[in-house]
């Protein structure tokens, strides 16, 4: 269990001066993940908010080696960086122990980057892939992704007079990745920094591909007051909208169990993206959303009991 | 339970005169799947053996509407066909009930076409995706795919003096798809035509995206005598190398349980692609393969017991 | 009327772009030719942003940026500390600032001699009437006044239309904004 | 020696391509310039296929297809029923067929007057010696004979080398193939 | 109806009025809004379109191919990296002769990644067999989007209509909209030649073509491109006759007595027209030529225009990375090869990655051209205009 | 060492001798063998390369970008649809100035899908900022693959070396191999300018470039392309001096006294040389020009060659789908614009999708050119040669 | 299998092709072994038919009529799969 | 934030950039609310630090030194997360 004092000892690896909205969750993730790393790391990022706000030429917020290639290929790009490292190490041109971390948003991971990630895991590259999951395409102005929850309003799944927000449930990427049998997989979020730090360290020590899906509030896309960024993630966990668990050599483990499971409405009502659902006379959308959450939570309890 | 007499009543939908190798499993799949369909179907195919051998201009073996676009996008292409059908139906330009089937090889499905398929399922297009899985890229001359089993020889995972065939286990695509929660998912193979036919009919009746992963012997890539094409699939099932099961509204069901589970060696020794493994003094590769098969089978038994 | 070029200074989220668009949109209905375009950047909430307008009686063909505006509108006075809002402003140009200060104080702060300065406490107006610090619509009123080339009544009408279209079932919001525009139109001073 | 062009007829899987490549590869070592290329199609096992060779003492520059070969080699006689193996064959050309029939019978079957026909039962040779019906290597021997422009000994040597390289720890296979080649070289007749 | 719209709004309005059967798309700056607005039309039931929020542009266009082959009227929108990711399927859509229409917002290609305007994205796919129409302003973008549907369907080739990223896509202008009902009426229904969904007469689309047929199929496609200009002109005339706005193949501005001229594409055309005015006020005989239809390349019309002047400044908002300068520059030199009147030509590569081009800078170009005309000498034939440190 | 090798074998041998740090690739006919053979070298421990069997070409090239940025010497191989799928990343690799080398086997682009040779695939990416070198035969493919590594690394731009699909890739020829040890020795180590793996001096690669810097970065890339021909010549000379085989920028055959000539790329060059011989035997003064270095386009060398004759037949194995004919045709007309000697030019679009081109057909072209020379008239300036029904 | 190939103006536009035309392409000559069907033994269970990759088992009113040698490539699956107790199909070498 | 921009011959080749240079870009002026840190109340638990999106909580030897207003955008997370019983950070409106 890491202590903040310990983490604070090392210098910052993700600096201020970036262009993120005030209170952006993605940047907190970048900081917490890099602070957790106990090895020197080389970072790759997919196109997306995190990349855009951190590397506007001639300014870079990254205090570690960083590469950006395109939107859909950070996993493939880091696969290449990792094998180059292996090759150069074999030839003695590099001696240090390095680790590799790929950052992608949910769009760059659940959708356009899924194949690249699937290939990276199947080929067993030793890279930690971090999906900072703000549940929509924020950089382009809040479009739906397959991580966008049922009913949420986005600009491509708008709450209109005929259609009440997104019609499909979230793609369960963490389960999809677990079906790939990576060396390590987990869900985390910033509100539980300690849980997050522990998972990052496990992932970097795992001898193979690892994946962490990190719930990442976006004050713009979710429409909530910026100071609530950390608080909102705790509600997501307490309502089981975002269960914290990990998968390691074939076993599931829930790392943070809410004392009492709150109804999702508590989570929804904090955010503008769901406000139309709460206004609807007909509460089936919310019921369906709740049912979906319960179903997945039940399954998780079962799996972790196995 | 369909009878062959019944199936034979309708005319052939996949004709002779195609250019497949004598005894090709993929073409048997095309026939069995189309014969099973109780609706008029529109077919799409990904680039690969099935497409190449069936549509060399000016000859087409397909006796149903057919479209080929590219290698990696048959799922997206058929998504488009399906929505066009919905749109035209809304406008009364089409009245008939049609169904849509996409055929892709394992390369076009597990690897380069995975994302396209994932998107099709996430958007809930009512298309049956059939992966005819011959466990390698055959059309281009037997290269490894992520469906290629551990230890198998292919031209890009050759059994060499330093490396004994493919080093990674099979990607478990069926589980990956199940994690997408399609309306219906299953594994099937030609040797159990009745099981296959039943699954195709369930899939076409399912109100949403469906997926069937069909084990497809390739006499060229697997190196076995052509007349064994059906027999070999039964061995795959009896050794649990290819379990026959289905997933429907949250439940797993094993559709064909082998009376006694045979050791995988019985399956391996029929095929040239594994011959080097049997020649090795060190039998760890085979042991690991067996362990992998057992692990997945155990999991399946557990899941289907849930 | 010759071509008039306007530059808006605001912060991401403050509605400088919205104001510029609304201004242009409304002006069209009064028979003018217009352009409205934001400064093109991936800037996020809080960051300094620009928006621009062109206004004319004749068709506007050019699509280049605006380097020397006739009018500069400052939505957020704190911007003046870090950004030279007078940059490129024509000698006979006008600066319109949302502030509690007097025009004179602003003149001194910006060290400008030739150009005219107009001030209005749009934030206060917004807070009074709309109960939120969104100075952009009030500033519209002030702008119409100082620009001297749009008839107030018709502009007000067409702004109203647009607000009604934007907030179909919020007459209160529409009313509030219109009130704010009128008050700013009246309160803006040199 | 002028340029010699050869066309091979076989079936997918029968090794027409392999034979053409092996032939060319071996000929290079004897100091010749060569080309070997398959007919380019996605054909599968069993389908009729072609392969081609060019052979010369001088560098070969052209990369076009071969339309009028000097020699045609038929690995599988059943092909003659569906395919015109004599197509484009020069009047002074040669046809070499793997068959039990006599050259005369083949002449009649193919209705050819001018060109020479050579026959050899390569399948039998293969089955006798290699215990499998793979007529391609034996046919090499026959081809060397009829083509009259390669010295047998050096060709045999370099073919052997290549087989040894291909089957490192199968001396039996190498021996068998060499035997088969020699026998075909001897048995081929007009 | 006179309104104020941004380029993206205008294209989205056109799509709403066209009410295509299928729209499959993926967001990308600066084209996102087109899709976004259209999605809201769907959500509000203003269109009956099936909207497919694809998981990538590659899949978006692949779905468009499937839908178009199935007989639907299909549109999409993208930009830059999105178009690049569609590259493979662009050629396939054209080869299958599917009249898909893309509302393309021009944006510079990575790398470096940049979200602003240049023409490298559409020009990098100029061989794909798509019609390419570059528009100057919001009105033209709106009108051309509607016309493109008709052109594509009659020619049986897909079409891209482009606007300059941000400059037009996010720039609000005064435009006139056509009545909602008139648009579908003018377009009529799509006539489907090969109907994939006709199960009574099953067809096979997209077969494997070997050496024996590929050339013949491509020859048909080439012929379609070679012969489609008259159809384009017909559609433009018909549009003008119906709605009162006429568009040329090549837009000539003050060219009748011009001694020197600038050739450009996209929004720069408008800026250059203002520069022409200013120069003319000083009595200088300058003109502007704007290439509107870029694919097919209008050889004759372009020759007619560019041979009117003694000195021609070709402004390319992209480079070919070939040592040969920009695209229009090479296209024009090529078609001029056997012309008897040959202007002196200078190539200005400008505005890459959204670098602004001002009226003054264009006036400077005119001054240089006048000098060239007088001296008869082109000092440097390819220059990079507006780059720092040149 | 004299051996017999197919084009794919030759390129794979070159890769084995180069022993790159990383190879990431994806199979595609007719390039598959290159990767296949290389994979067997890896399996047999003949190279120390890290081999990445990517799940698509897009990922293959993306991994190459990552590996090259990390300081590795990187190669891959692909063809046609594979290259098209890499399109987006091609521009990125060049923009990041990464010296990746692709062994490209030319194959026609879909649709229709076809596995045979034409040049549409590499030509469709000619703007991407990659060096493009078209080879005539197996020997040249082998030698050029080795040279390309050095060129790319010195120029800091990626390079494609192409062979004609099946014709060369699957055609066995007699070639001379260099001793294994000599190749790495001649190449030396890659000098890495920006080292991503240097954690003590962390750098940021691939940042977002807005209007204020994009043009400057692209200008650097353009400059690299504009100035790299001398480096290419230097490397070719150095290679010749070391290994005895010299290669030109533009390959001229019997051009000294030629009155008419054909300009072509790839394997057709060889076939045309034989045609030249036959014509010469009849006393006809014909010659061949083969464009070997296509990107950067060698303006000077090409001008020198093509202005030697009165009539020039430009044979393009691809079309631009622009109404303007083939690529070389337009490139040459463009560079000839201000030349004082101008040959009569006729464009022959031929061989699409692997349509064979015979010596006799090329002789016919020469006859037509001689007629053009004599009559001084070009009847039809763009013809589709060898298509049925023309 | 020779037939005159059409010119570019004659073939239909849009890369289209009538379905089922492979009937015109006979693959029977690929065969090196030939299935012989014994009508007397056959119980018409249709097992051979469901497994034939080349749709070469001719069926009429639910009964096997024989084998279509125009397409049969002689893979031998039918003989292999015909029930052990029946074995109504046997493979013989194509005589040359 | 004005600084002379380099010409194309002066900027490094290969789209490279030194890491950590965002320090030169001050985002403090984006702030409309300002966190005030009360040294006396602070227990140096560092909670505010781990949550600050702009790395604007200045730490030295494991102790909070104050807030770096050059970068702080005033999101208010620090004040929100500072333990209830402590609340050593309070947000005040930036006076204009």
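Read from first to last, the chains carry the letters A, B, C, D, E, F, G and H; within each, the first residue is number 1.
Please note the rule applied: a contact is a pair of C-beta atoms (placed from the backbone, for glycine too) under 8 Å apart; a residue touches a chain by one contact, two chains touch by 3 or more.
Predicted, not measured: the structure shown is a model, and the values here were computed from it.
Novice: Is the number of contacting C-beta pairs greater for C-E or for B-G?
Specialist: B-G
Novice: Could you find the chain whose CA centre sits the greatest distance from that of subunit F?
Specialist: C
Novice: Could you tell me which chain lies farthest from subunit D when each chain's centre is the average position of its Cα atoms?
Specialist: So the farthest one, by centre of C-alpha atoms, is C.
Novice: What's the distance between the Cα centroids of subunit B and subunit F, rounded to whole Å?
Specialist: Whole-Å distance between the two chain centres: 39.
Novice: Express in whole angstrom the distance between the two chain centres, defined as the mean CA positions of subunit B and subunit E.
Specialist: Computed value for the inter-centroid distance: 43 Å.
Novice: Indicate the whole-number Å distance between the mean C-alpha point of subunit A and the mean C-alpha point of subunit G.
Specialist: Whole-Å distance between the two chain centres: 55.
Novice: Where in subunit B do residues touch two or more other chains at once?
Specialist: Residues 19-22, 24, 52, 55-58, 60, 62-66, 68-70, 72, 111-112, 114-115, 118-119, 122-123, 139, 146, 219 of subunit B each touch two or more of the other chains.
Novice: On subunit H, where are the residues touching two or more other chains?
Specialist: Only 5-8, 11, 15, 17-21, 27, 30-31, 73-74 qualify.
Novice: What residues in subunit D touch two or more of the other chains?
Specialist: Correct list: 12, 40, 42, 45-47.
Novice: For subunit G, which residues are in contact with subunit D within the complex?
Specialist: On the subunit G side, the touching residues are 1-2, 27, 29-32, 73-74, 94, 96.
Novice: Which bits of subunit E are touching subunit G when the two form their complex?
Specialist: Its residues touching subunit G are 95-97, 156, 193-194, 202-207, 209, 212-213, 215-217, 219-220, 223.
Novice: Contact residues on subunit D for subunit B in the complex?
Specialist: It comes out as residues 12, 42-47.
Novice: Taking the complex as given, what residues does subunit D use to touch subunit G?
Specialist: Spelled out, the residues of subunit D in touch with subunit G are 11-12, 45-48, 77-79, 81-84, 99-100.
Novice: If we count contacts the way the header does, which residues on subunit H are in touch with subunit F in the complex?
Specialist: Touching subunit F: residues 5-8, 11-21 of subunit H.
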